[in-house]
Amino acid sequence: MENVLSLALNNLLSPIILSFALGLFAALARSELTIPEAVAKGLSIYLLFAIGFKGGVAVTKNGLDSTLIMTLMAGLVLSALLPLLAFALLRTLTKLDTVNAAAVAGHYGSISIVTFVAGTSVLESSGITSEGYMVAVAAVMEAPAILSALWLISRGSGGARMDAGLWREILLNGSIVLLVGSFFIGMATGQKGLDEIGPFIVAPFKGVLCLFLLDMGLVAGRGLRQAKGTITFGLLAFGIVMPLASSVIGLAMGAAIGLSLGGIVLLMVLCASASYIAVPAAMRVAVPEADPAIYLTLSLGVTFPFNLTVGIPLYLALATMFSGAA
Amino acid sequence: MENVLSLALNNLLSPIILSFALGLFAALARSELTIPEAVAKGLSIYLLFAIGFKGGVAVTKNGLDSTLIMTLMAGLVLSALLPLLAFALLRTLTKLDTVNAAAVAGHYGSISIVTFVAGTSVLESSGITSEGYMVAVAAVMEAPAILSALWLISRGSGGARMDAGLWREILLNGSIVLLVGSFFIGMATGQKGLDEIGPFIVAPFKGVLCLFLLDMGLVAGRGLRQAKGTITFGLLAFGIVMPLASSVIGLAMGAAIGLSLGGIVLLMVLCASASYIAVPAAMRVAVPEADPAIYLTLSLGVTFPFNLTVGIPLYLALATMFSGAA
Amino acid sequence: MENVLSLALNNLLSPIILSFALGLFAALARSELTIPEAVAKGLSIYLLFAIGFKGGVAVTKNGLDSTLIMTLMAGLVLSALLPLLAFALLRTLTKLDTVNAAAVAGHYGSISIVTFVAGTSVLESSGITSEGYMVAVAAVMEAPAILSALWLISRGSGGARMDAGLWREILLNGSIVLLVGSFFIGMATGQKGLDEIGPFIVAPFKGVLCLFLLDMGLVAGRGLRQAKGTITFGLLAFGIVMPLASSVIGLAMGAAIGLSLGGIVLLMVLCASASYIAVPAAMRVAVPEADPAIYLTLSLGVTFPFNLTVGIPLYLALATMFSGAA
Amino acid sequence: METHKAKRVAIIIEEPMERRLTAALDGAGVQGYSILPVLGGSGRSGGWTADGQLGRSGMRQVVCIIRPERLDDLLTAAFKVVDRHMGVVTVSDCDVLRAERF
Amino acid sequence: METHKAKRVAIIIEEPMERRLTAALDGAGVQGYSILPVLGGSGRSGGWTADGQLGRSGMRQVVCIIRPERLDDLLTAAFKVVDRHMGVVTVSDCDVLRAERF
Amino acid sequence: METHKAKRVAIIIEEPMERRLTAALDGAGVQGYSILPVLGGSGRSGGWTADGQLGRSGMRQVVCIIRPERLDDLLTAAFKVVDRHMGVVTVSDCDVLRAERF
């Protein structure tokens, strides 16, 4: 227990988390500090490329574990089913109507790649290795939740929400293509490729992550400032209970598949995290009547900082206890 | 004396200064070379974050000197009073009216963070250490000069120029928040944090500074091209005499407080440098009748390059002689 | 021969080429993946600055070879004359009218700096050195081809196409100024300068190049998707035959001048590559009736990837065989 | 200079809907349009800014100069896309040079 | 398509004044506006470009579609902010779809 | 608020021609204009987008508020530049505040 606390504190005092806090503070204090849209997009392209590439290289080292297929399948299933849990929770804890509840639920089945990266960082500084293909699992978990959310809505109101265009947009959205593409590039070029571009994608990675989280803090803070009033106590509770519940399911799943400790933690993080890029865009197209202020604020303003500060160390502690017990 | 010259020449032949010269040349020759606004802002965010963070880490190493409070106070006072000197000089050397003279004066009380960074670089390559908290002094000196300028104007024409909104904008402007925020992050995470993100904020720092100064050269050159005619001989003289005078005051102040040689030089640089980001924006809001062509060209087109090339080595030589004498 | 193939394969499996392929794929699959214009421009500023600087430093090391002037002259002549060859080839292989043929021809006399960089990378990984001033040769070859193209057009239709403004724009276009400027900065500061900013312009270079080529792939792919129908079989053949022919001429020229093996290869690469930045802009101004879809698609969608994948290894093999034979 | 009467249609629309709108315009035989960035704004659903945003958030402005007789087709096509979504559609009169191009 | 008469107000203003303008519009009960970037320009005080600029230099364009009867309130509010500052305020007629939204 | 009649000229033009156009406007004695970015579009020569582009590709929009009596000079000057090039030139009526500034 002491360990968990000291780990959490350690995590809290990392430049990465403090940068997020700085952004949050600046936005809440209505500072003029802003990061241009193009710079934010550039940072996210860098991060996706680096993390995909490193995942691919890791696979060439650890080999393509026999559990790979099973983990990918597990990711698909989790992404598709977690929205149902989220929907049920929301209907219990809050007064959201079907459409809004389903839209929020979709976000929680999908994943946040930055939370995933933060999880990797914590593992690294704790000296815990993990399966390289967890990046591919992250990619696989982006989309299915969107379908579940749309199913939940059309069940209620009738009327198909999907068209071919939306399908393509979801499956070929920028972050999936970049993540999977660089994952394959990493696999194809292996350690030799990593030696070539390592000084770009390894050494400065954490520093770039700081600036990126500064921006996330700014965006989250602006969202929170605008959303006061929108976020009821029930919603707040959901934004914390849901990741906890999901992470436990991820823990069970990961242990059942036989993932390593690191792999289990990352699966927990993926389950616990909520999307704020891919899913919102899809929801705007397919479910314009859902209120973006609700799902964006919940996912980026509540669950994201919760995972970053308390969640990840907690998931690691849980997984460690469980492994010790097993 | 020979030393001063060779130091100045050395400084002139650094990639950083030559990049500024390249930008200046390109703009004066009306080349198509431009740096997108978003890229320029991205570079400046990087620099502010890196310099603040490194300052904070330095404080954890050197400890919080007992002179810290006194230096911060000195910064406040210098920033508030130097505009009065500037105003008097301008009324002597030039024919500027009260409003324009006060607006220019405000720029010279405040500081240029890039000149400060260039000063740090010169100290580094000369192997001279300085107090880590000088970054905080820089932050403290940004704003008071604005108030003095507004006071100089309202004294003449009457009518308050400040409102609550402007107050907040000045005190929470992007560069102050980022600089102070990353300073605290550096203090909180110390050497351990620096180890994590050092490959991002230390190693590539000077290279990024080159691109940034290329951009500054482009902007300064465009300003100079447009301003020919506006900049009289008197204004030009002011743009060089003022930093010299301020630096001597900074020298006296720094020595009186008991700063190290490096700290004295940096305080001189802060006094000698003129703002071209925070103060212009405040002046546009509060004193729209002042002509931006005058204050921007003076600060960015005259004093900035003067400090970069001749000023900094000179201030270092002065401080060294003074320390030797003392 | 085996060597050539293994070299080509090696080249194909580098992260750099695979990043281009990823961009191409993403664009052809109509993914939402895009890189903001400002980021793409930022990357290209970095690359031009780094390559120019490193070239200048290399010159201070190898010394200013007596062949420098001759190579620069050769570059001028090749850039001016290759368009005539291209024009003749186009009139034979395709049905393009004079204006479009001349516009395309201009692109093939000029150069692609990214292809040049890719060539340098291949040389490096093969441990072959080259003359540092080849960067200056690249700069010199950018513009003359434009004049030849305009001469080919005005010969047919009459009417001057050049005015003073266009002259200045061509000679002072951003990439020439940045390349030549940083080349001189590198020469002036030498190894000492490189030590200062090396962690920025050397270590991360290849990684940045990956992201840049990802963008080039995206742009080329979008172009190809739009241009289907425009690109006939004859044009396609030209896009491959022309670089082959030019590279052989470059080989002869380089050998006659007495360049090193690496220098010869780079001259071949310069001859074989086609412009897609400077020349298109000049053509839009001077020859608006020429169709950009033709020249952009040929140069960026056909010749660029051909050089990157097959061309460069082939030119290296040719030059090596030739040197062995000589 | 000789000018001709035309209509200027300006549609402010969410970024995720941009492709659908331009596809609908193409489908309705609209010959040309230009897309302009929007940095921020305010409306019934509150204020927003593009600063620091990732993904396809924010709004865009699609501007379309069109012959008056084609206006109704365009509006019908645009309306189908905008219908349930945020966005503003305005039409104004203008004179256009080189009308033969439209 | 059914349209309604409206006014389109476009205000080109210095970036440091943007927040004050939008605050004034909010204060005057204006329901919606959009902010567009301006890359450069020229006026009585010479030419400028946003290229490479730091801080809040440059100009912005604030566009506001409004019911005709609300125009005067808007102009009065905007004028107070723009008054001593650089900037251009224009008003033109337009037709707007879905007028119930305004 | 007191307003005056003016003309709003909007010229969508290729980026490589931007400088020539503004030089021509300056030459024709035009007092002020603003340049706005264009992110993409479609026309007779197909679609395009500024994403990821290098160099001076793409289009720009030059907006010019002008006294009606000066319109013809402006159009003549602009037309000379735009003539053989891609681009759209539109003119519309507007009312302008602070007309003494033009």
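Per-chain numbering from 1; labels A, B, C, D, E and F assigned in written order.
Basically, contacts are C-beta pairs under 8 Å (C-beta built on N, C-alpha and C of every residue); 3 or more make two chains touch, one makes a residue touch a chain.
Everything numeric in this text was worked out from a predicted model, so none of it was measured.
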(request) Determine the set of chains touching chain C that also touch chain F. (result) none
(request) Figure out the least number of contact steps between chain B and chain D, where 1 means they touch directly. (result) 2
(request) In contact with chain C and with chain E at once: which chains are those? Just list them. (result) B, F
(request) State the chain with the largest centre-to-centre distance from chain F, centres being mean CA positions. (result) A
(request) Decide which interface, A-B or A-D, involves more C-beta pairs in contact, and give its chain pair. (result) A-B
(request) Name the chain whose C-alpha centroid is most distant from the C-alpha centroid of chain B. (result) D
(message) Roughly how far is chain C from chain D, centre to centre by C-alpha average, rounded to an integer in Å?
(response) 39
(message) As a quick test, compute the distance in whole Å between the mean CA positions of chain D and chain E.
(response) 18
(message) Among all residues of chain E, which ones touch two or more of the remaining chains?
(response) 36-37, 47, 56, 92-93
(request) Identify all positions of chain C at which a residue touches two or more other chains, and write them in rising order. (result) 32, 34-39, 41-42, 169, 174, 203-204
(message) Once the touch criterion is applied, which pairs of chains come out as touching?
(response) A-B, A-C, A-D, B-C, B-E, C-F, D-E, D-F, E-F
(request) Quick one: which bits of chain C touch chain F in the complex? Just the residue numbers, please. (result) 34-37, 39-41, 44, 165, 169, 174, 215, 218-219, 222, 226, 276-278, 280-282, 284-285, 288-289, 291-293
(request) Report the residues of chain F in contact with chain E in the complex, numbered from low to high. (result) 1, 3, 6, 8, 22, 25-26, 31-37, 60, 65, 92-98, 101
(request) Report the residues of chain B in contact with chain C in the complex, numbered from low to high. (result) 13-15, 18-19, 22, 25-26, 29-39, 42, 203-208, 210-211, 214
(request) Enumerate the contact residues on chain D facing chain E in the complex. (result) 12, 36-44, 47, 59, 61, 72, 75-76, 79, 82, 88-93
(message) Please output the residues of chain D touching chain A within their complex, sorted ascending.
(response) 14-17, 19-20, 23, 45-47, 49-58, 84-86
